[in-house]
Amino acid sequence: MTGPSPELLVLLALAIPFAGALAVAALGRWPNLREAATLVTGAALFAVVLTLSAAVFGGARPELAGLAVAPGLALAFEVEPLGMLFALVASGLWILNSIYSIGYMRAHDEPRQTTFYVCFALAIGSTIGIAFAQNLFALFLFYEALTLSTFPLVTHKQSPEAMRSGRLYLLLLLGTSMVLFLPAIAITWALSGTLDFTAGSLLAGKASPLVIGALLGLYVFGIGKAAVMPVHFWLPAAMVAPTPVSAFLHAVAVVKAGVFSILKVVVYVFGPDALRIGSAGEWLVWVACASLLLGSLIALRQDNLKARLAYSTVSQLAYVVVGAALATPAALTGAGLQIATHAAAKITLFFCAGAIYVAAHKTQVSELDGIGRRMPITMTAFFVGSLSIIGLPPLGGLWSKWMLGVGAMQADAGWVLGVLMVSSLLSAAYLLPIPVRAFFAPSPEPPSEPVRIQEAPLPCLLALTVTAILSILLFFQAEPIAALLRGVPGAG
Amino acid sequence: MELLISFALFTLLGVVTVAIVSQRNLVAVVILGSIYSFLIASVMVVLDAVDVALTEASVGAGISTVLLLAGLKLTRTRDYRGQDPNVVGALLAIAVGGALVWGSLVLPPFGAPDAPIHQHVAPRYIEGAGTEIGVPNIVTAVLADYRGFDTLGETTVVFVAGMAVLLLLRRSSLQSAPPSDDEQPAMSGDLVLRVGTKLILPFILLFALYVQFHGDYGPGGGFQAGVIAASAVILLGLTLGLRRARRIAPPALAHAMIPLGVLIFAGTGVATMLLGGDFLEYAVLAHEAKEGHHLGIMLVEAGVLVTVSGTMISLFYAFVERGR
Amino acid sequence: MDLINAALSKYVYVVTIFLMVAGLFVVVARANMIKKLVGLSIFQSSVYLLYLGPAKIFGATAPILDSDYTAYSNPLPHALILTAIVVGVGTMALGLALVVRIHEAYGTIEEDEIFEEDGEE
Amino acid sequence: MTVLAAQLPALLIVLPLIAAALVALVRSDRVAFAITLAVSLVLPVIAALLLHRALVAGPISYQLGGWSPPWGIEYRIDVLNGFVLMLVSAVAAVAAPYARRSLAAELGDGHATFYAIYLLCLTGLLGVTITGDAFNVFVFLEISSLATYALIAMGRHRRAALAAFQYLIVGTIGATFYVIGVGFLYLLTGTLNLADMAQRLAALPDEQSRAVLTATAFITVGVSLKLALFPLHFWLPKAYTYAPSWAAAFLSATATKVAIYLLVRFFFTVLGVDVVFDRVLLALSLAGMFIASVIAIYESNIKRMMAYSSIAQIGYITLGMALSNKAGLTGALVHLLNHAVTKGTLFLALGAVALRLGSVKLQDLAGLGRRMPLTMGAFSVAAFGIIGTPGTAGFISKWYLATGALEAGEATLAFLIVASSLVSVIYMGRVLEVTWFRPPSPLALQAKDPPLSMLGPIVIFAAASVYLGLDTRGSASIASLAADQLLGARP
């Protein structure tokens, strides 16, 4: 095919967001132009990633040889299926996220919006870097870049509370990455002599199972973004951030980047075979399942809507870790799918939460009785998102849960399947009541006054509708993604 | 005979050192130090190092002593309470000494003409001083020509030290208040001294000039001359009072001389560069190489003289004036 | 004769090293700063001998060309030590200036007293 | 033009010297600063030309006085000291604009002489690096040392003079040790030219190897006193804590580095150092890395904390020397540059803090991040550099060091290198936590970023410490070239 070479596309995908950040900073004085810059950036980025995906679907593995920093240490990039999927999800949702942000930020006329959008662009850029990283070094660099660029977003309000949780956010993520992740990388390199992501195991036969297990631990908890318990505190704390940011953290980039990194490490560093049940990696299945159940249980007891959603994320993304830990073909596919489906569903839910806050200034679940009659579209979308999270047809969530279940069977770990079932029930228990009460419970206001539709601003509404539809599409269009994921070594 | 003297001198040296180590009265320490320098100087003569001897005599016994006494005066220290013997220090020093003995036993013996240092580089100097440079005093030839750049460095060290002391001790501006008339110079009471000084001054300066310009033929050179010239001013200041000294050698001038000498020295080097030679390659200064060397050596020695005398005088002023 | 020469050459070594040890000891062991400086100059002057001693050749004369002599002692160490002496006096002057400043600041030049005064850090 | 090119080695030393003399003649601070700045900006250009020529055309030899070595003094520039010359002059150039405001604040007016002494210090450092003559090294070492004592003594705190005096004693002992060592080598070989010396030492009969060993010991100890190798570091924290901020930054970035260069030069091109020295050096380096870092954790005066961190960082460099394989040596050499840039940032930033707050105590820095964002931002970047985060210069050094350790089959050593940077996470993290997340201290409340002349250098250094973490063509590749030459030449 003609058109730009894959290398150029990769370069563009990495460059556009940072160029966009500059543009936004330059246009800061004219809000309309500034927002336009953000949207153009998003559109351009998505277009590039989409074109790139065409090649990757075709089985190509575009590379970009960056600069060699030291022998065996290069800032290089290679697009493989997992990264492609992550990039697609992130860049795609980022557009909607931006549209939503514009509506949200303007409705609240928040201060420091320019800084906000600049960091926003930097963050998506870092995310793309993580997705396309060809080795642990590049991955780590952009991982840290993502932490630093999202910090101003989390502390956007700059209230004492915001600063407190911002501090937790930074210290926990940086701390774990410095003290666990980085040494893990060093050890990997000391053992294998390379940091490149290559099909098959870097460590096979190079280390005792004990070392492998310990190393896996360093990675799983060093990659604090994955919010595997007990390093999940930062996530609920970070909900003080404006809703668009929460959506970005939970659905688009940050936590996703975490689980994605773990998935990538499992597939390309340890190699799936190293971590099957009964191997040194087995403990991870247990930890992940525990994280998964505890997350749901805690979510049940949250009255604050965003807090409930936050713990739901902790639980839902533990699914991905479970998939990685099981490391059977179906499980890996399921993990990949879960990244996509959960993204679409969870972003919908957060958009709705934000919409409710903007339109009705309500944050507690208990306040939502009857609100569905005032915000039908929003609450319908919320309902759709919930179903996808729970994993019911006709929604994308079904497939990821399904494949994970199959994966569990492949690893003949039936009990994992049980855990997944229970967790789905739990998620139904903490999500479904919300739309139900919103539609059917009597609203606290006296019924005398007529109920009038009072939705959030149009951009918000638009964004959450699209994402809701997206979750439905994922049910019918899951096959291409699955096909893409079969390209992942060990998932075929 | 010579040997006997050598043995005696070395022994004395050891004895004086012991005295210095054990002596608590600091004035005594300083005086002993001065004696020590004289002894070393004599030892140097015995070792054929006449230029070094002259330098050590003028610096060690002269300037250093004056500076130390000034330091004592400023810090109003006479002697200090003795302290319990410092075992660590002793062990450390002995360890170092041990290492030295251990290593030096295999060094080539003294006095033997076949030692590497007499075989390898030196012969060229002894040859060339006459043929290449035309300066009888080989040390001067090495100092000012073969290794002239070291001497530039040495002058720079003097420059740094002078500037540093001025920076540290100078009160606010360069001209501190001129001493009032009623101030009593250190020893102005003594008529003999006053007259004696007046009489001796011209001779000191004359000697300085001799040392300066005879440096090519006999022991001496810019450095020693500079110190001697400075000592004349210092003597003046001590006996006839600072005011007189200031009138003859204004501090501002002395300060200016410090960098000036370095400029002369370095400037000579730059000139040789401009004339197409390497830095300090005197040969290019004149049509005939030896002429060039003569000219170059004269210039740099002049530079050394200026910087050194300027520094020594400035040091004297700086210390004495800090006192009041 | 040679025997005595040999003896002398060893004797010079011994005295030189003794001076070194003594000087170093004074620097390290004495708290009074002026005494430290004196010790320092002894330490340095011992090095002068380390260089000058071997420069001597028995029966040779000072390195000043003279038709009566053919053998001269080695001039190079002389030149080096001349430089070293100058460096030494420069150090001494700077050291004394510092001592004066310290005395003005602390009123004493005994290191241990100063440390007692404002805490050794 | 070609004539000029041939004279560059001399000019590199003579220019600052003459400038110093001129500065000493002028009274006005402004003129003095102008001259200083001008010269500081020219020197890196010369150094760059020299380094370039050394890279493409091999070692440069310049005969001072036109006398051929070993009779005359020779300037000899190969990749190694070309690299160090570049480092020293570049650091000086970037830091120079900072001087005016900082000195005016800390010394008051009438400090023209200070510039003269600074230029002489620079002359001395460059002279030590460029020369190929053992005794010439001593002379210029003393030039830089005397100047350094004066620079330090000018600090405002009364302890400055004390620190300077103690440094003077230590430094002079060190220099004298060096002269003793050189004296031994001279008595054995009869030459002072380093290259010549190396050849003749190789040809020495075995029974005299004892004397060589003694010489090595004295030179090592003497120079180690200058480079503050643990446990000979005790003078450094005081010196850097009480020196004027600008001087502290300049010295921490250059002085110790030049001393290390000298040690490398003797170890690898002059003396055949036997394994014992390497093992001892290795042990001391490790001790320094950990002990100094641990001490830094308990420091509340950040300048002193940084000083101890410097000692630890010097440990990394000597560690790489001790490994004496290509990767290790490359790590050591590249860390000369990386640490210079990083620590330069930190000390300059602290200087700006001192200017605004008049204090560098940890508790006074609370909440400073939002008051002096650019300064503390640069500080934070450099802090990550010290920790050795990927993407910063510090990481590159440690990467090479770890590689060297593994190549030497010392897996535990590689582990210790990683572990020690975790210790630095503690003290640096502590500073960052306080400066960014604590409510502002009363002093911090009215603080703001320093004037551009000071902010510029800080930011440039910080940027460099990141750039050198990503693009290592200018640093690591040259360093590895130098390492190759050294290992090739090692007797």
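As written, the chain order gives the labels A, B, C and D, with residue 1 at the start of each chain.
As a working rule, a residue touches a chain if its C-beta (ideal position, glycine included) is under 8 Å from a C-beta of that chain, and two chains touch if they have at least 3 such contacts.
Model, not experiment: these values are computed from the prediction.
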Far-end chain from subunit C, centres as C-alpha averages: A
Nearest-to-centre chain - CA centroid comparison: D
Result of counting contacting C-beta pairs for B-D and A-D, higher pair: B-D
Whole-Å gap separating subunit A and subunit D, where each centre is the average of the chain's CA atoms: 46
Between subunit B and subunit D, centroid-to-centroid distance (C-alpha), Å: 32
CA centroid of subunit B to CA centroid of subunit C, Å: 13
Inter-centroid spacing, subunit C versus subunit A (mean Cα positions, whole Å): 73
Interface hub residues of subunit C, defined as touching at least two other chains: 20, 24, 54, 76-77, 80, 83, 87, 90-91, 94, 98-99, 101
Junction residues of subunit D, two or more chains touched: 135, 139, 142, 146, 149-150, 153, 161, 180, 186-187, 192
Per-residue multi-chain contacts in subunit A, two or more chains: none
Inter-chain touch pairs (all): A-D, B-C, B-D, C-D
Subunit C partner contacts - residues on subunit D that touch it in the complex: 135, 138-139, 142, 146, 149-150, 153, 158-159, 161-162, 164-165, 168-169, 172-173, 176, 179-180, 183, 186-187, 192, 237-238, 304
Subunit D partner contacts - residues on subunit C that touch it in the complex: 20, 24, 27, 33, 36, 40, 43-44, 47, 50-51, 54, 76-77, 80, 83-84, 87, 90-91, 94-95, 98-99, 101-102, 105-106, 114, 118, 121
List of subunit B residues in touch with subunit C within their complex: 3, 6-7, 10-11, 13-14, 17-18, 20-21, 26, 29-30, 33, 36-37, 40, 43-44, 47-52, 55-56, 59-60, 63-64, 67-68, 70-72, 74-77, 80, 83, 85-86, 88-90, 92-94, 96-97, 100-101, 104, 107-113, 115, 117-118, 121-122, 125-126, 129-130, 136-139, 141-143, 147, 150-151, 153-154, 157-158, 160-162, 164-165, 168-169, 217-219, 223, 315, 318-319, 322
Of subunit C, residues touching subunit B in the complex: 4-6, 8-9, 11-13, 15, 17-26, 28-32, 34-35, 37-39, 41-42, 45, 48-49, 52-58, 60-66, 71-83, 85-94, 96-101, 103, 109-110, 112
Partner subunit A, residues of subunit D touching it in the complex: 387, 389-391, 396, 399-400, 402-403, 406, 411, 414-415, 418, 422, 425, 429, 433, 436-437, 469-473, 476
